[in-house]
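Presented sequentially are two complexes of chain A, the first with chain B as partner and the second with chain C.
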Partner chain A sequence: MLNTRNRRYLFAYLMMAPGLLLMAIFTFYPIIYGLPLTFTNYSVIGETKWIGLANFKRAFSDPDFLLALKNSILYIIVVPVIQILSICMAILVNNNLKGVRFFRVSYFVPVVTSMVAAAIAWKWMFEQKGIINFILESAGITNGNIAWLANPDTALYAVMFVTVWKGLGYYMMIYLAGLQSIPSELQEAAKIDGANRAQVIRHVTIPLLQPFVLLCSLLSVMSAIRVFDEVYIMTGGGPAHASMVTGVYTYVKAFQDFDFGYAAAIGLIVSLIVMLFSIILFKYGKKGGLNYYG
Partner chain B sequence: MVNRVAGAAVLYTLMILTALFCLGPFLWLLSTSLKVNANIYQFPPQFIPWPITFKNFIDVFNIMPLWTNIWNTVLMTAMGVGLNLLTCTIMAYPLARFRFPGRNLIFYAIISTMILPNGAGMIVHFLIIQKMGLYNTLLGIVLPSAVTVFNVFLLRQAFITIPQEMEDAARIDGASEFRIFWNIMVPMIRPAIATIVIFDFMAFWNSFIWPIVVLDDPNKYPLTAALQYLQGELSYNFPYIAAGTVISVIPIIIVFLLLQKQFINGMVGAVKG
Partner chain C sequence: MANKLRSTAILLAMMLFISVLSACTQSTTGKTTDQKTGNQGSGASENSKGNNQASAPKNITLDFWTIALSPNFDDYINGRIAKYEQENQGVKIKWTDLPFTAIENKLLTSIAAGKSPDVVNLNTNMALTLASKGALVDLNKQATAEQIGIYFEEMYKSASIQGSTFAFPWYIAPHVLMYNKKIYEAAGLDPNAPPKTWDEVKQHAAAIKEKTGKYAFIPTIAVYADLVNAGVPVISEDKKKVVINTPEALTYAKWVKALYDEDLVPKDGITGGYTYALNQFQAGEVAMLITGSQFLNRVKQNAADVYANTLIADVPTQSSGNIHAPLMNVVVPAMSDTHEEAIAFANYITNDESQLEFAKVVNIFPSTKEAAKDPFFTESGEDPESKAKVIAAASLPRAIDITFGVPDQGELISILTKEWEKMLLGQQTPEATLKNAEEQMQKKLDEINANY
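Moving on to the complex of A and B:
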């Protein structure tokens, strides 16, 4: 017979067993097996051989990969744009006007819908005879006729625009929660001291939002480097690799060229870059960056 | 007084413009899907469709197996959410409330995977799924994300906050370990459970590239993958693509509108927690 203590141990282990088994297969094993894979030429054809650092050497002399890496880093410019716009939106809907809840909910709709649906809609709007060109032409900004997604100069930026649009609602909600957690006395006090609305926002609200800005920026930096869906659906990385990013390039190498070893190696390079940013996040998080009265 | 009215007018204008920006693409898609063929490629574009036709919706049901795709999506999502709920809850509970040898080791091993790089993730998953004979199956789509570290972490935090007295009282009354877990603990962490259901629902419903990798047969595709496939097949016929896309976003928008409060609380709570 098991005693009470051992019975409790057994109960604990039994409960964790299914989850641990699944994690062993799909989380721990891929991390352990993924690393050696990067040193092989594993693919569907030919014999698998250990090739040392050849995949990494190849990556850093592969102009397509370097361009994708450059684009992925360039993609980070969506981060400040998202932060500024979503903070503005949060301030805008942080009021007690009638119907403000409706607006909050409608800003969140792009977040919940699939990127496939969103990207299809935007792809159609970016057509040469599409609605974007019509609006810009009517407003006198361009003379129309830009094939946004087919033009190497604009494709990447058009896709970035969609990323910004899709993410705004998400970050707005976090900032809204942040705004609502700021004690209203601080803003009242500033008003009594004679500050106007803009001054309160500039000198009281924004500084108190700073920890949220840090958190949101790093979350969006990580997803910017990992961007996949919108690029894959709207341009597939084209035209002529102009909008190629590392996520799509890894996918192409793995599942179109079946060049698994090489794809794993470039995946690892990108993961290490993302990890660098996570370390920064954790470091700032520990420093009290997330404790907004500290 | 005049000042306040003017202020409100400015705020409403800005809020409406932002709403148009956020919802515009979907409204434009809806408008396109209701147009007769002659008006679709018209320039300048016709904003409000006239005459209105539902032909595109009927046709798209005939050219693609939409009901099958919807059913596949429902199955995939139900299975994914159900498995996550089950495995993550029973895994988080002992980690939160029990002392047993190896607890900290297991916990840190789990947490550290959130930071460790896994560049070959999808590739290794694909190789495993193939070896397990799950290629081209629903289980193959769902299994790799049936346990999520994030969920385990979130649920563990929720279990930790339950006061010890609850557990002690039940133990004195002679409740079994399983009864304590199921009848006392699980009902107390309902908000955390709601959060992960919503998160996973959204993730599985909208998942797109992994189903394409695992599935060989387009008849098994969920909605998102089927739309991408349709786009490739029918790039010349946008009204059908628009109608298909509108159909695909309706369910998730309905679910969102019904649960919007929990959605938003869950989103914010998870990021702050």
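Moving on to the complex of A and C:
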């Protein structure tokens, strides 16, 4: 006969069971299955051989992978840009201004737009005779058509711009939820103490938003390192691998060259790097909020 | 109780991990692949099963996969299938059409899951990639001489590696030159005198850019094919040496680089790919498009005004006089459990009758000797499509599906393309490009040959 405590445990496990089962099949099993693959030359078809650490040695002497890794880490510069802009937007749309609902919806539209459709549209806009060049030339900012996506100096940044554009609304909504969870008494108290609007934001709002900043930063760091769709569609990693990132490189190795063992090893290396960034973010970003983590 | 549950959870996790390791060990030791012939151990045993079935009363369903033929050609494919089923009682064909970008992965995952289709439409590069992994039937060993004998020999040899051939050639589309009459007139050029050589192409490009501000054309991304057409071997006959760094290659590389340096072609073409070139032509933004005549149909549907102003001519050729003509093939995966019937159907869908009927539906050309002789290919009309048909048919003897005939040739092409792009972007000289490409490709080819 189970006592009350164990009955609760059993009930909890039973409630979790369906979800855990699905996660086991679709998440844990592929992860665990992928680990031994990193030590093989697995190609789905053909003979599979155990090759030890050869895939890892190859990765760190493969200039294409190292370039992709460098670009993926460089991609993290989108994180502060997205976070700062989305906090500003959240603060803006948190006010009871006229027409604020329109802006909330407008900023969120990119989030619900398919990345494939968005990337194709932006690809057109970034063409030499696209609307971006037209606007810049009309405003007298540039002289001549810039091949944004075919120029090794601009290709990666043009794609980053699309990532920022697409992600802003998502993070803005999280920050908006965070802002609305902050008790208005705290801000009112600061105002009574003589703080102006900027001081309230700097000394009250932002520190209280800190747990949301941690969450959003973590999510966007992970997304930035794993970026795939926009790069694959807009540049395919080109020109001459200038915008190649690890997500696209892993895809090319796995699904174009059928080098699944090597692709799994690359995936594992990238996962460890993501984990490292997450640990750093947790270590230095967990202060603030209504209750300090201690 | 809590401890028991925790122990159970740990035990289950360990079992899961052990099962994965054992699965991996099985895959390490369980498959006996004969890579030279393309027959997997399982495939060979299934093949004998297939042969046994041939003598027994047939009750077979063949899975047939094609690339992007539905819905435009539903009537044609369904009609051929219905006829085949009528003539071969007991054999049913289940047709599946997949997008170009999905078919290779889909086939791979299907084979990995142990359930392969029986007859699959692939281009030569895809066929060679899968053949090098031992996934396709060697038709030289399993098809009859009668089945093989209907195709042009050069086309049949396209998907060959070391004496084995892995595909029946299906339809081919020799490139033609499509050009926009309006842009030609606006540039002060005679629309009745299209460029015949690549030097003339460059002259026209300069005139068009100067007078209209538009680009004349977008160089193709198939650098390897352009080099072969320029008389560069790329791969030696014994498939052991990369030969790219030649005077012919240098001349061609400098010619292409000059186009970019002089702003005679759009830089977007470097990453834009073929779709970009087609879209620019349809938009009336570039004067020329060099591609298979079947794409005229798209121009006709998407841009009627441009189609009405489209003229057709022979492709300007390089020193070899050859014309690049990408080929579609039909293969039989080694894992199909009915090789004999699958080969028979693959041969049927690519035979004279089937190909001729298909060519009458869309602007493609047959890979079979008899079908190509049909008067249909010499009857010209006034519209661009029928003019393209006659021009392309006349160029068939010079049409080549350029392949290297080595396993994993896609990886070699990737290296060449990357180095070529660096040159176009001004990151390295044509001399350095050819040297780097040759060295890196040789290293990769040595690896490929060592592993095959």
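In this text, the second predicted complex is superposed on the first by the 243 of 294 C-alpha atoms of A that agree within 3 Å, B and C clash if a C-alpha of one lies under 4 Å from a C-alpha of the other, contacts with A are read in each partner's own complex, and residues count from 1 in each chain.
As a working rule, a contact is a pair of C-beta atoms (placed from the backbone, for glycine too) under 8 Å apart; a residue touches a chain by one contact, two chains touch by 3 or more.
Treat the numbers as computed from the prediction; the structure is a model and nothing was measured.
Contact with neither chain B nor chain C is seen for A:Ile77 once the two complexes are overlaid on the shared chain.
In the superposition on chain A, contact is made by A:Leu37 with both chain B and chain C. In the superposition on chain A, A:Thr235 contacts chain C only, with no contact to chain B.
In the overlay built on the shared chain, the residue A:Lys129 is in contact with chain B and with chain C.
Once the two complexes are laid over each other on the shared chain, residue contacts for A:Ala264 go to chain B alone; chain C is not touched.
By the touch criterion defined above, A:Met15 lies against chain B but remains apart from chain C after alignment on the C-alpha atoms of chain A. Judged by the number of chain A residues each one touches, B leads among chain B and chain C. In the superposed model, A:Ile280 lies in contact with neither chain B nor chain C.
Once the two complexes are laid over each other on the shared chain, residue contacts for A:Ala189 go to neither chain B nor chain C.
Once chain A of one complex is fitted onto chain A of the other, the partner contacts of A:Ile45 are limited to chain C, with no touch recorded for chain B.
Shared contact residues of chain A, touching chain B in one structure and chain C in the other: 9, 13, 28-29, 33, 35, 37, 129, 255. Against chain C, the residues of chain A that register as touching in their complex are 2-3, 5-6, 9-10, 13, 24, 28-29, 32-33, 35-37, 40, 42-50, 127-129, 147, 149-152, 155, 235-236, 238-241, 252, 255-258. Looking at the complex, you find that chain B touches chain A at residues 8, 11-12, 14-15, 18-19, 21-23, 25-26, 28-29, 32, 41, 43-45, 86-88, 90-91, 93-95, 98, 100-101, 103, 106, 109-110, 113, 115-128, 143-147, 149, 152, 177-178, 181, 202, 205-206, 208-209, 213, 223-225, 227-228, 231, 238, 241-242, 245, 248-249, 252-253, 256-257, 260, 263-264, 267-268, 271-272. Across the complex, chain A is touched by residues 1-2, 5, 16-17, 20-21, 23-24, 27-28, 31-33, 35, 40, 104-105, 108-109, 111-112, 129-130, 133-135, 266-273, 285, 408, 410-411, 414, 418-419, 421-422, 424-425, 427 of chain C. Only residues 7-9, 11-13, 15-16, 18-20, 22-23, 25-31, 33-35, 37-38, 89, 92-93, 95, 97, 100, 103-110, 112-118, 120-122, 124-125, 129-131, 134, 138, 165, 168-170, 173-174, 176-177, 215, 219, 228-229, 232-233, 250-251, 254-255, 260, 263-272, 274-275, 278-279, 282 of chain A touch chain B when the two sit together in their complex.
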